[in-house]
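A, B, C and D label the chains in the order they appear, each numbered from 1.
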Amino acid sequence: MSYTLEQIADHKTTASCWVIIRNKVYDVTGFLFDHPGGAQVILRYGGRDATAAYEPVHPSDALDKNLPPEAHLGNLSDSAVQELKEAKQNVTKTREELRVEEARNNKPPLSRMINVQDIEDVAKSILPYKAYAYYASAADDEITHIENARGFGRFFFHPRVMRPVSGCNTSTTMLGYKSSIPVYISGAALARLGHPEGEANLTRGAYKTGIIQMISTNASLSYGQIAAARGSPDQPIFFQIYKHKNDETAAKRIREVESLGYKAIFLTVDALIPANRELDHRSPHYLEDFENQGRSAKRTEDAEEGDVDILGTAGGLIINNDVDMTWERTIPWIRSVTKLPIVIKGIQCVADAVLACEAGVEGIVISNHGGRQLEYALPPIEVLYKIRKERPDVFDKTEVYIDGAIRRGTDVLKALCLGATAVGLGRAFLYAQSAYGEAGVVKMVRILQREIRFGMESLGVRTVKQLVPEMVERVDWQPVSAKL
Amino acid sequence: MSYTLEQIADHKTTASCWVIIRNKVYDVTGFLFDHPGGAQVILRYGGRDATAAYEPVHPSDALDKNLPPEAHLGNLSDSAVQELKEAKQNVTKTREELRVEEARNNKPPLSRMINVQDIEDVAKSILPYKAYAYYASAADDEITHIENARGFGRFFFHPRVMRPVSGCNTSTTMLGYKSSIPVYISGAALARLGHPEGEANLTRGAYKTGIIQMISTNASLSYGQIAAARGSPDQPIFFQIYKHKNDETAAKRIREVESLGYKAIFLTVDALIPANRELDHRSPHYLEDFENQGRSAKRTEDAEEGDVDILGTAGGLIINNDVDMTWERTIPWIRSVTKLPIVIKGIQCVADAVLACEAGVEGIVISNHGGRQLEYALPPIEVLYKIRKERPDVFDKTEVYIDGAIRRGTDVLKALCLGATAVGLGRAFLYAQSAYGEAGVVKMVRILQREIRFGMESLGVRTVKQLVPEMVERVDWQPVSAKL
Amino acid sequence: MSYTLEQIADHKTTASCWVIIRNKVYDVTGFLFDHPGGAQVILRYGGRDATAAYEPVHPSDALDKNLPPEAHLGNLSDSAVQELKEAKQNVTKTREELRVEEARNNKPPLSRMINVQDIEDVAKSILPYKAYAYYASAADDEITHIENARGFGRFFFHPRVMRPVSGCNTSTTMLGYKSSIPVYISGAALARLGHPEGEANLTRGAYKTGIIQMISTNASLSYGQIAAARGSPDQPIFFQIYKHKNDETAAKRIREVESLGYKAIFLTVDALIPANRELDHRSPHYLEDFENQGRSAKRTEDAEEGDVDILGTAGGLIINNDVDMTWERTIPWIRSVTKLPIVIKGIQCVADAVLACEAGVEGIVISNHGGRQLEYALPPIEVLYKIRKERPDVFDKTEVYIDGAIRRGTDVLKALCLGATAVGLGRAFLYAQSAYGEAGVVKMVRILQREIRFGMESLGVRTVKQLVPEMVERVDWQPVSAKL
Amino acid sequence: MSYTLEQIADHKTTASCWVIIRNKVYDVTGFLFDHPGGAQVILRYGGRDATAAYEPVHPSDALDKNLPPEAHLGNLSDSAVQELKEAKQNVTKTREELRVEEARNNKPPLSRMINVQDIEDVAKSILPYKAYAYYASAADDEITHIENARGFGRFFFHPRVMRPVSGCNTSTTMLGYKSSIPVYISGAALARLGHPEGEANLTRGAYKTGIIQMISTNASLSYGQIAAARGSPDQPIFFQIYKHKNDETAAKRIREVESLGYKAIFLTVDALIPANRELDHRSPHYLEDFENQGRSAKRTEDAEEGDVDILGTAGGLIINNDVDMTWERTIPWIRSVTKLPIVIKGIQCVADAVLACEAGVEGIVISNHGGRQLEYALPPIEVLYKIRKERPDVFDKTEVYIDGAIRRGTDVLKALCLGATAVGLGRAFLYAQSAYGEAGVVKMVRILQREIRFGMESLGVRTVKQLVPEMVERVDWQPVSAKL
């Protein structure tokens, strides 16, 4: 069955809503109110081609998973395909599109990247604003986001000298899987917003450099596509899950990734409710103003007066989460579904680290979601330090990971000295693949490895096990960076 | 009886001073030296029309309350009315008037406001300078004003995870009256400087959102007009009082508001003497220079060489206050006048919080008047924290409120964790109604409610009672805001 | 005897050096190497008119005190006087002179000055650079100078409410002499650099406002002229002395001031050696560059390569001081010369405060010379706080004063709460008299009095005696000033 | 034997590589992979004249030490010499060369230098960028580099008054050798990058001022040339050594300097591995962009994608170091080679200071290599302070030196109060000789001496022995410098 554009055009209401995606026609009427991003965003494309908006934020299996077969109405007619193609060619590029094109053409060569921040800077310059705003945004006034980084600054080293360091080895294991450096790729959503190959860049880069990738529930490739991008079936990958409030839906997801060969379940517990990420929230207005070159354009009153809903890209991702999880109920339930090790991601205080141990999980991630959820959550390095001081037994009972604002080998080493097994980088890897694809990911790992090895040698150790709490000190002043 | 402009023009001295207000003629000779703002400011308008200056800073019943019937001389003649009207039309707008007009025409739509600061920023851009200077000014170098806000920054959360939070409820009670969120509108003077409907915007906004308004002694609408603006007779409103040094005058005021249906008396004890608010003080000079476009105009020597009186809008408000109040005398005296609950507003140290408990008042407000009175008063959150540490029994004996520099849901939650029942916002609501009238007030409450609920859910609680001191920590560093 | 310019012109070497001052001719050959400022600066004017350079930095009796009668050679001839006058008229004004003239013509009226900093700002804009550099300069990187001020910022108040404050009285006594506010004018050199009437402005302003002036050894009026400027013989004035290394010379100076009616001796002990005040030191080069408008003029190699002497105005003032004073020797020696009370100015640590008590002096001034001597001396308020904590008995044994960076009534009150009797302002008063003469001095005292009274009332006290340590707290953070 | 340019031109590969240096021809094929800076940098000059690049970074004896006699092929032919000369004249100056020329022509006279920072500022303005980047660079984000300086800022003085200070003497001894001030010239590489006479400027300046120079292993003059530059055979000089991993090579070096009259061995233990000095690393790219005046030139992809080697000038210096030194093995081994006193340079924590004492060395230098090696090493003054607090016995067992970010006499005095014997300045002296040659070195010492003497007098001491820990206090705030 094939359709003309005219036939489709009328179906643009909640009564009947059709969209075109990759020259196929779908009836999404029944799905409108199940859409995690809300009905409104679909209706904006009702009766017309939605491909450009749909593509970068949905994995390839999203239509199959979410629509019944009968909603797959058929194809566009050949003439309609031709019409769409021509229309696309005739569209004038927006100022934003021209800016991005220009920036991409002038980005510095990868060889000039000598630290993680360099790569982030390039990525921020070449990302479409919408993607930038989604990746970079943090909660409220971004204080926790900033303090995550400043927190590391309060930890100084006690380097040891006159110790043999030849043959220094940066490798470690996570949940029994080997990693070339004590760093993993933390699950972060929507990699295809930054680069067409998205999460696969990370998978391939991880393989080449021997590190482990954790995949986000909200990946923009399907879990299967990512598993298929592995360099070998032995390449370990982990899964980050937002537990759906419906246990059966959640169980189905866990079983899917387990059967695809994922090796661990990282259960996120700190981001169950949409947060106030203002950069992301303001992004549509920013772009509107940008296109108008600052001229006082007709300002759209696009929200009700009293409306305080969260907009932006993030708005649609966190939905249907189980906000009533408990240690008593949820951990045993996961155990009943899978034999994979369980790691709790989002521990933010000592008391919960202790409860996690009592619940018998294989690991915890000290994390405040990169400062994207509750403003004034403590910096992870501070929480780690508190656990070390108040409850060092935690490190004997479970593996401890940490993420948030890690940029340097010295950040990694501070966490390891205090007891962490490895540290996660999320945004940094998104930036790397956005700016330089797979090569950017490889380069970033190489940079970190060089910095970690140098740091270990300078501290006087040959293996990560030799990194001990006595090698770091929390000082009572805040350093100033010349680069800020 | 009716008058021509010529007849009035001669009466402009302390010997005989007449003014025109809303086309009526008043003999204010006898009142000159009782005027809280001083005789000088009236004499400036002696013998002519004072309406524009008079209106926004006086409630409608001010003339009736302050002038004897015989001073109400009569009306302007019709031709005089006509003359005034024409004169007004012929007046060239000042640069300042044009600036405000332009700013108001270009203010962003309310839908773009996503946090409290956004609204303040808009208000500051559209307020007449004089109003801005009065609202925004703080004491001396504004250090306490700034530190009030920075103080909140030193408190971080210990968020709890894996706790059920569905159905999270932000409501609480104040002195037994229900409030939809633990936030009230703190009494702040002269709302009509910012918006023609003034305090009524706040009353109506409070009704729509289910929060409680405290009304200032120096409101620019009469206490009756505000009471009449309530959405229903049950809507609770509180009264903030500056006790007049004459007990009988003070008692009359209390009895008036009680009979109008006000439900509590908040006695201000920290702002009995005019403070050095330099922005307000310098406001006349700023405007003079602004009109001259920076050109070196003839500078008026408008004060005696040795003169160090406080000028500005605030100058006239704090006067005739009782500066000799004591716990022993004043509290029993109020009890003798009214059965309403008494709250002491302006507690600034632990010792006085304890004395207030011993005096048996129903509540205290930890406040330094928004940094507008004594420079280097401690930030309220620090005082609250000290009471929690040193005298936690205070929280069992009286309700504790706090105000000053609250901008975010997280600020509110920190105060509640430490033991506060609710927090007051004064200037923020003035800005909201200045910028967007009643709708601005509603929007601000909605924003705060969203932030408070999100914060509660992220901390792992379902009710405000579950917020406990263990959930906050005072850290030993000062965060940096990206937005400063 | 009278001289032509030609007759004088040849005498410009160390063999014979004559100068013209106020149309009189002096042979200064014998004095060259006793000149506190060094021979070089005199030789620069050898054989010609030195009046303009000489006048503002020497008291009127300097020639009489320092030159023997026979060195007073006689007068200029009438034609020489005429020649000098014409030459002066033909001189083109320098850029710097034009700048100062312009700035003075445009300075804001005194009525606009509402705080101490306002006046300092005006003074800095209208002072000749050389005077500015001398007044404003501090040691090395000016860290102690800045920290003196920041130190006060770490002290916050515990204001008390519900206490009667009507009739609040700001007066106190110093060494038994009454002062209208707990503030004195600290001795600071060379007031005539800033205003032709110099120290007399301070004396008259002190009289009008009822405060006490301390006069510097390096005053630019003679001690007698200053004594004569008093409003009445009862007006108390104090003397600040740099003890000459020759006891007899020093004794002569003490006896002179005692006989002139000075009431106390403040012995400076922290500024016996010329310090590295770079602003002052660089001042000649700055002016040279300024006249050249930044054009790369021929740079004068005006010092030997290895030369590291201190230049600038200050260079010549501190010389011939007794650098070997001891508690054991010096205090008894002063007692043997005079009955006046002795105050040690320049105490910078607790141990020396205790030694001063043991030496039985009537008072100490905690001071680091306004940050003009040893960089990294502790801020005076910190030293005061340490004495209060570690040796509170000091306050029972001697009067304690403090100076350095006091700008606000709140600064004064913090010092008084901690135990100080009064505080000194030096530079601030120099600025006041430079900008506005005597009226500026009066205005500054009025401002301080208003701020002190307001602060006392806000703290809940009626007299300075009621200011107690419990009213201040040293906090563990540093406030940020909006005005910095 | 003599060669034409054509004959040489073909030898530019790893198979056969010839270079011209000072009109002599060398076959460096066999040395390519022993070159500390790597083969690549030599190959860049293969087959042509390498003099300009070679000269400033190699001592004069480098060719003799490193090449066998047969590799000294012979001379350029006369015509070839002429050709090279003409080619050099025809070369257009680069923008960078013109900038440096202009800056050198306009540098301020030495007489205007009044503190150490002044001289550094001049040096930075006149140094070629490459030299600047090598001298100024520090590790990673330069945090330790900055914190080294900020660390001193947290130490304040307790100056003592009323103590005799005439005849104050700044001299001390180091390892038994006299020094006019407690300051030495710390070994820093490649002085000829900044000035043609390089390290000899330092040697001569040290002689003139009576201080001691430590010479770097990586000096750009030969150890013999430096020894020969001494003012007398008695002038003490010390040697800083990077121990070669081959013991015999290392022993040869030690014996060489001992026989040349060097008086002590400072063994560097904190800089055995090339660090990430980004300014230096980025220097080639900076210069490329600078020549292109910011125009988007063809960016060279000059490194492999995954390449993370350290580039820049420093890259080639640290190589072949012994990274497996131990207290047990290395110290006795040095003792077996030489009788000279041994000082360990690069102690960064208390534990290693104690181990050094136990190893019986004559001294330690608390140093983090000027922030050029491990980022987040503690500031030396903090390590010194910790040793004073935790293990004061260290000061009885060995001499303690300190270097890093010392700029002022007060910095020196703080270190001495805490127990240091003397302090080292490295970069500062490189800057001094770069900007003003030997005269700059002399001036810098004079400045420091003036500042140290003034500080001693102001603290109330006459000798360095009288400087005691009670005279300094570590404060709990961070000062702000007006000059930052």
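As a working rule, a residue touches a chain if its C-beta (ideal position, glycine included) is under 8 Å from a C-beta of that chain, and two chains touch if they have at least 3 such contacts.
These are the chains along with the protein names UniProt gives them: A, B, C, D = L-lactate dehydrogenase (cytochrome).
Model, not experiment: these values are computed from the prediction.
The two sequence copies subunit A and subunit B touch through a face in which the numbers common to both fall below half of the numbers used overall.
Subunit A and subunit C have CA centres that are 63 Å apart.
Distance from the subunit C centre to the subunit D centre is 45 Å, each centre being the mean of its Cα atoms. In subunit B, 476, 478 are the positions where the chain touches two or more neighbouring chains simultaneously.
Contact topology of the protein chains: cyclic, one closed ring where each chain has exactly two touching partners. Those residues of subunit D lying in contact with subunit C across their complex are 106, 108-112, 114-115, 153, 155-166, 408, 410, 414, 439, 442-443, 446-447, 449-451, 454-455, 457-459, 470, 473, 475-483.
Residues 140-143, 145-147, 150, 154, 269-270, 272-273, 275-276, 278, 281-282, 285, 296, 299-308, 323-327, 330, 344, 346-352, 355, 368, 373-378, 382, 476, 478 of subunit B are the ones touching subunit C in the complex.
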